[in-house]
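After this come two complexes, each holding subunit A, first together with subunit B and then together with subunit C.
And now, the complex of A and B:
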């Protein structure tokens, strides 16, 4: 038993790496062959497609742009309430209030994404029958439903990041005459920024990959570039789902794998950008050694 | 004798029980007043009552009064049934500088450790902050050691340097009283001597209340010595201060009485 446990502990991360490597290798093998400007832009010249001068109907560029818009809009909608709730839970809430909020977050976190999609769809039906007869599924509705889905991730990671800070930081700052709000915003939040950023990156990835919510709330197969908040849009996860369900030949299936690889690359790009912004922020905020390491 | 601190019939309790029991204590406006006592005797809680820092640790209830000279004569720092309302608690804490047992530097650069509180609490301009930064680091004898690396991380200073930085940070906020909670407990002999020398120097300008568990240090620094046991003050010496051996005996004696009781 004494030897088995350390062995299993070593095998567990090895298994994780193997699974990731196998997945990546499979995707690369099936999808890399399709990687060309045509996968993104079809027959349209790339510059014209990027500038929106010519619509792309047989490429994945509109789905990429739609996913990017969806992810950013979701982040914008969930950032303030998520972070605010996390700060309140960690720094201000009494144990009773904290338990009520935690219960609500647990329920929200346990809600399957298809249920969230149905909620958005039902909401639109209700609005059409009551106050807004012209309401329809759209980018904004998808982002709103997704932001509900990612809210618990942001709340719990920001709350935990703040709680993990040593109590002596709060006591020291209070002893210096700083008010509670100043302690939280000028000292604790910057110190917890690593943990909070990790939560935002997780939320970003979650919003980028979800299909069940968007297929019921606004994503379609052919909408072109996202035209506005109240219009339908294309998204990479939906393009993958649609291609895998409707493909007619091996070439179309390969394009589906190409789209999956593209979604993976887009997620990696977003995560790296978030890491870069976080590092720049920390470099600006904290003292540095000649080696460039933060405090 | 002009007083900097006057504590009258003060009791304080946390949710899990009373810590301070009917304390009567005063500290002169010059020199170092030393509080000694065994662990758990209530020294630190009494010290933290003088800047209302206990309130950050949980729900507290109190009775009695504490008056401090914050620049305009003795004034209440806890609300009383009658009389003027006390200053806002953050202003009281700003005027009562505190240094802790282990050096609590903020995880920022050396300069920011002093500049950030000045910017946030005192709302000073950057040129005033720069001036005060050099002034305060000079006063604690740290300027020459760190002037070329003000932007490096404060957490990488030595223990003694960190404690001097904490003192400089407290001094930068223009305190009227200094509270020191065993400030040399985590330092080596040389750093301890350097901090003690600095405290003697500072006590010419600021009233200081210092908690110590070291009878030799207490004897070296005290102008007034107070012995605490079980949340109460059991001895107070304003003149004819006891020797380190007598202080040690006093602490043992009170502890034995406690055990027998």
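And now, the complex of A and C:
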């Protein structure tokens, strides 16, 4: 019995690998053939499409551009609150304030993304009823909701990166007469930059793949290149969802598979980068004395 | 060096106070969460007090004035429970294998598997759903007839979605305990599997519950998998091979179709229900996490 069970246990990971391999092989088989400039730009010459001189109707370029704008805007909106909150939590917060911040970040991290989308949707309904009757769902709204979604990621990774720094660093600097602000900004932040960068990349990947939020806050299927902060936009995850339900012909379906493979590839690459950055950072840091406090 | 001897916050004079911008940033972050909760609660209030068109009934027929979300609640619960029933034993078996595999030939496989699990946590759900629609659904159609879009298919994929999260939680909870027992236990002639089975698992109920609750919370809130795989029929499913609509999918559909008016009431009620359960799950998880000194020194 005790010999047999461990052998049977090997079936569990094997099954998982088989299932994932089947899904991946299926995606590759149907999607890999579509990988070419035409997947992104359709019949339009790539340079003209990139410069926005000619609109792309049968390619993924508008969706990719939309997603790019979306994640950059999300990063811009969440960077200051996220990083600031992480620094505050790691270096300044009294136990009371830290527990309030921790509680709210835990709640935010556990909130389903569709609820964040609903928040944005409610905001627009509210604005329409009150003082902005022509408010509509838009790129800016999506980015704002997504930045709520990625906030816990940024806060906890930046806090962890700072706390992984050796305590001696702080003490020595204080003994040398550096002020607390100088210690944090001139000494600790540069030292922790690699760990923080890993968190930011992770947030980028999280914002890029989420579909539920943008579905409720302004992503559409045919908007062309993103025109402005207050306009509707296309996005890669939404294009995949839309293709699945509404494809008209085999060509559109194949483009859907191409899009799915592209998104998978992008998010896996981003997350791998973040993972190795973070691991190298923490391993390097834990060579000294880690403070051992968790965020 | 014992950390308790170190002055983490040496003094509370003006100099060691956080600057204005840091305080503002933290305030913004916390206010964002408060605004999120407040907005959804306030929006959902009319749904609870509206006469006639209450969202708490068992039929959804917007053109006959019935806007009930109870079938969606039931479907959400069924989906999450089935996904948990499929995913939790699977995750546990994987973790037990990963912690107790002793064949030296497979040590590289254990390392590779750890990275594989990390990567699985990041697969976009929309990609997972897309692949499943064209791979799993035809199989289900063959096996059970109908359209193939059913609760079972969605549950299968959701169990795959929550699996890596549960594996990571279980592993981090069980590994330390097993490692603490190992030198002595192995010297007594027990195998790693026996140690885990006889000594670690009986003491780790907390970790098991924690993993299950986390998986359950994830399964409740996921939108894309049920939306694309479960068929979205707004009625109570009588079996797992029938089409069903979860709360999250319902929210996506109502906002997309803009039925307007009283349909929005049910939308906000559904949002409040989801938010409430997810906060509940978070609070339970915080109670269960024993060693994490939250904000305490």
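Methods note: the second predicted complex is superposed on the first by the 232 of 295 C-alpha atoms of A that agree within 3 Å, B and C clash if a C-alpha of one lies under 4 Å from a C-alpha of the other, contacts with A are read in each partner's own complex, and residues count from 1 in each chain.
Please note the rule applied: a residue touches a chain if its C-beta (ideal position, glycine included) is under 8 Å from a C-beta of that chain, and two chains touch if they have at least 3 such contacts.
Please read these numbers as outputs of a predicted model, since none were measured by experiment.
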Touching partner for A:179 - first (subunit B), second (subunit C), both, neither: both
Touched partner set for A:191, first subunit B, second subunit C, both or neither: first
Residue contacts on subunit A - larger count, subunit B or subunit C: C
Partner chain(s) touched by A:219 [first = subunit B, second = subunit C, both, neither]: neither
Touching partner for A:105 - first (subunit B), second (subunit C), both, neither: second
Which superposed partner A:169 touches (first subunit B, second subunit C, both, neither): first
Partner chain(s) touched by A:263 [first = subunit B, second = subunit C, both, neither]: second
Subunit C-contacting residues of subunit A that also contact subunit B: 170-171, 174, 179, 289, 294
Residues of subunit C touching subunit A in the complex: 1, 3, 6-10, 15-19, 21-26, 28-30, 32-37, 39-40, 43, 90, 93-94, 96-98, 100-102, 113, 115-116, 118-120, 122-135, 160, 163, 191, 193-194, 217, 220-224, 227-228, 248, 251-252, 255-256, 264, 267-268, 271, 274-275, 278-279, 281-282, 285-286, 292-297
Complex contact set, residues of subunit A against subunit B: 168-179, 182, 186-187, 191, 285-289, 294-295
In the complex with subunit A, residue positions of subunit B that touch it: 51, 53, 56-57, 90-95, 98, 100, 102, 104, 106-112, 116-117, 120-121, 151-156, 169-170, 173
Residues of subunit A that touch subunit C when the two form their complex: 2, 5-6, 9-13, 15-17, 19-20, 22-23, 26-27, 30, 80-85, 87-89, 91-119, 121-123, 125-126, 148, 151, 155, 167, 170-171, 174, 179-181, 205, 209, 211-212, 215-216, 237, 240-241, 243-245, 256-257, 260-261, 263-264, 267-268, 271-272, 275, 289, 291-294
